[in-house]
Amino acid sequence: MTTALLLLICLVTLGSAATAMLLRNLIHSVLLLIGSWIGVAIFYLSCGAEFVAFAQLLVYVGAVSMVVLFAVLLTRRSRTDVTVSADTVSRAWSAVMAGGAVLAVLLYGALMTTLPAASAHGPAAPVKQLGAELMGIHAASLLVIGMILTVATLGSVVIASEEPSGKKEDAP
Amino acid sequence: MLGSGLLQGLAVTAKNFVGSFHDPKRLTTVEYPEKRTVLPEAYRNFPFLVSEKAEDPMGTLRCVACQICEKECPPQCIYIEKSKDKKPDATGKMQIYPAVFLIDSSVCMNCQICVEVCPFDAIKMDQVFEIATQERFHALLLDREQLAKPNSYFHSIRPSEAAEVDGRLAAERKVAEEKAKAAALAKAAAQAKPVAPKTEPAPGAASPKPQNPA
Amino acid sequence: MMPSTPQDSLLERAPQLLRDLVTSHLPEPWRWFANSLIAMIVILAVFGLLFAALTLVERKVLGRVQNRPGPNRTGPFGLLQPIADGIKMLSKEDIVPRDADHILHFLAPVILLASTVMAFAVIPYGRHLVPVDLDAAVLYFFAVGATTELAVFMAGWSSHNKYSLLAAMRALAQLISYELPLLLSWVPVVMISGTLSTTGIVAAQSAWKWGWVPTWNVFTPWGFAGFAVFMVAALAESNRSPFDLPEAESELIAGHLTEYSGCKYVFFFMAEYFGMTALSGMAVTLFLGGWHAPLPSLEFIPSYAWFGAKLITLLVGFIWIRATFPRLRIDQLTRFAWKFLVPLALINLGTTAFWSLSFGWTGPLQLVRWAVAIVLVVVPFIVMGRRLSSGVAPRTYSYAT
Amino acid sequence: MISSPLQLCLVFSSLLFCIGLAGALSRSNSILVLLGIELMLNAANLNFIAFWRFGPAPSPATGVIFVTFSVAVAAAEAAVGLALVIAVYRRQRNIRLQEAVRLKG
């Protein structure tokens, strides 16, 4: 019964990701993509990695979606600017061809190689063990991640903020 | 300290909350239809016509259709038509009575001028405020029957003023009766000595005309 | 659900006995399914009724605070007012603007209500009444809470109304800037009790000091500071009283809810109350010792009664605060969050680190430990408090006596 | 052919990866390109969890920790990327990728 559920989640995520890439309306495609992120979080839950699922939910659906939606709103001139103009068919075709080629290579790798049998019981990653390892072996990388995040937020604020030089921009 | 203002505010609302349960001074709202506040005596709303006896309102109306109030009313919302015949009023004197007496309550502004100018205390200010009607025009035009209310009702809403008016009317009636008696006596005396000189009874009959109350 | 130990009183085991009565004969996969279904139905019923009662209690308390009786027309003492409100709201026509984005317009309240109700799954209501016992329960609670911002944005964007989009932006600014202190304020609790699961946190607060003082987190200096920051952030997160800028009637009509009417508006209204109840339920679990009794002698009263009592006191506290404080402007609101709550919560992390490091101190050192902790909490509060209102001259108030 | 759940996960993540790739390549709106990259990142994380869950090793939680770090890095990358997009928009009034060619500051 669980593999059927897993399959369903996979199909829903793939479906929403694909339609997200095809839609004209930018807001709809972003929201569908957030739906696929939720699908990925549910997939993590079904694999037993609770902490990562909730971290994904909190980070992606809570924060990154807001950043993306605000970016979409900030980069449009008028209400109707949300619908993006259609791309040239040739460009779309070449992209799909490239994606198909990569997919073929990946699928070949995934299906043909003989993978070792899965370990007997499903491994559990209790939060306490994760905490111990994070503070133990990976303490240095935790600090580095903290550094990256602060630098990223400060940097994005500086990049996106108005230029203090007061150079006259053309009116939007 | 940052939080002190906030705590004082909370204390005030708590005191109000607790006070509203036991302190009657705090909970001042009266739950209207069930419990009503006592209206002050001087409260006035729309005028009404005073009739002496409750059972026959049209017969014993004090109003004598002198139309002073109609002329005096600032928004001109009173309309009176005199009656053709006469009927005895409270003091027994034959007076005209209003065949039609209309007040347009949608125009009336409760200024009480009609009450002040009425020489016969026939119109007084009522204390009724629940006068909502379904219909905008005809229902607000009050006719004689709707306006007439017995003197007993007047006593119930304004005891002191009603008593003072009744006292004055009674005194007036007494004076009128004495005059009538004196006039009857003088007439009887005149018939008893028909040979008496002509001029004596004439001035007697003229003088007792009832003066208007101030 | 943990199995109920026999020594619990009958009343204590009653909910579990009732549930087992219904589902004990089902085969295994269906039994788990039936159990969780019953848990869902009970949660929705109990908190639905609490929502209805809360609207009435709110209007009654607000009335009484303003020296007026509050609703008393519908039914004795106004008890049928929630039903009347419900019928009125549900029978109103559901108007959707012509150019609105119909799918999003419909989805926004659904997602908001779904994510708010999902948050009830991890709160331990009683000794054996935990719907889902997750290992990372507190993280789940706030992860689900984060999706409400998405619903607010969808509501603002899809109503095709300039002002509701503007109001949605203001609401998002408030929600995001208060999510940080909300998340930071419960980290000390996890640091001390060592686990993210709500049952573990409640178990960590079960001991008695000197026989009768309960060791709830709120009675420790860092716990009290964390509780205060958590409650202020919870007020802002559920758009309540001093922070109810998003739906301030006097400014932007109903903010991002302007284009909603009828049943959808009831969803938003209900989601706000569910959010408030869920956040105060989590506050009770994290800081007020979940379902523990305040005194050992009162242990005979069932645990879910204690949880309910604490929850209702917090909710009445929400209403009391709403009756007292005026609304904050958007700049005051964000300045208060970033310049006061976030630094205070970070310093509170330091205090808790000191508290857990000085765990072994005994005897006179215990007093030193408490003194240092209290100083670490109070001094930054006063210093930053003064800096926060430095520009404003001290105002003189004449209170209504 | 799909014998073990591990292969199912691998197929799923490679499909997701290719959807992200195709999307990133085909769309001209730079926000959608960024979202395509975000999708590819998610697909990679998916592989980590799949191997941790169904893989041979008993249970070193390195896969889970790796995914936690990569989610954090992806969030930082999304923030910086979108800041760049906004800066580009301020420069040239629209965010079509082909027209963002002027290197002058």
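Each chain gets a letter, A, B, C and D, in the order it is written, and its residues are counted from 1.
Basically, contacts are C-beta pairs under 8 Å (C-beta built on N, C-alpha and C of every residue); 3 or more make two chains touch, one makes a residue touch a chain.
For clarity, every value in this text was computed on a predicted model and none was experimentally measured.
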Would you mind naming the chains that touch subunit A and likewise touch subunit C? none
From subunit C, the most remote chain by mean C-alpha position: B
Rounded to the nearest Å, the gap between Cα centres of subunit C and subunit D is 35
How many Å are there between the centre of subunit A and the centre of subunit D, using C-alpha atoms for each centre? 5
Taking each chain's centre as the mean of its CA atoms, subunit B sits from subunit C at a distance in Å of 64
Rounded Å distance between subunit A and subunit B, as computed from the means of their C-alpha atoms: 85
Interface hub residues of subunit A, defined as touching at least two other chains: 51, 55, 63
Of all residues in subunit B, which are in touch with two or more distinct other chains? none
Quick one: do these chains touch in a line, a ring, a star, all-to-all (complete), or other? line
By the document's touch rule, what are all the touching chain pairs in this structure? A-C, A-D, B-C
Subunit C-touching residues of subunit A, taken from the complex the two chains share: 1, 27-28, 31, 34, 50-51, 54-55, 57-58, 61-63, 65-66, 69, 73, 79, 126-128
State the interface residues of subunit C toward subunit A in the complex, per the touch definition above. 29, 101, 103-104, 134-136, 139-140, 142-144, 146-147, 149-150, 153-154, 157, 160, 172, 176, 179, 194-197
Which residues of subunit B touch subunit C once you look at their complex with the stated criterion? 1-3, 5-6, 8-10, 12-14, 16-17, 19-21, 26-29, 31
Would you pull the subunit C residues touching subunit B in the complex into a rising list? 61, 64-69, 72, 320-321, 323-325, 381-382, 385-386, 388-389, 397, 399-400
Of all residues in subunit D, which touch subunit A in the complex? 1-2, 4-12, 14-23, 25-29, 31-32, 34-36, 38-39, 42, 45-46, 49-50, 52-59, 61-62, 64-65, 67-69, 71-80, 82-87, 89-90, 93-95
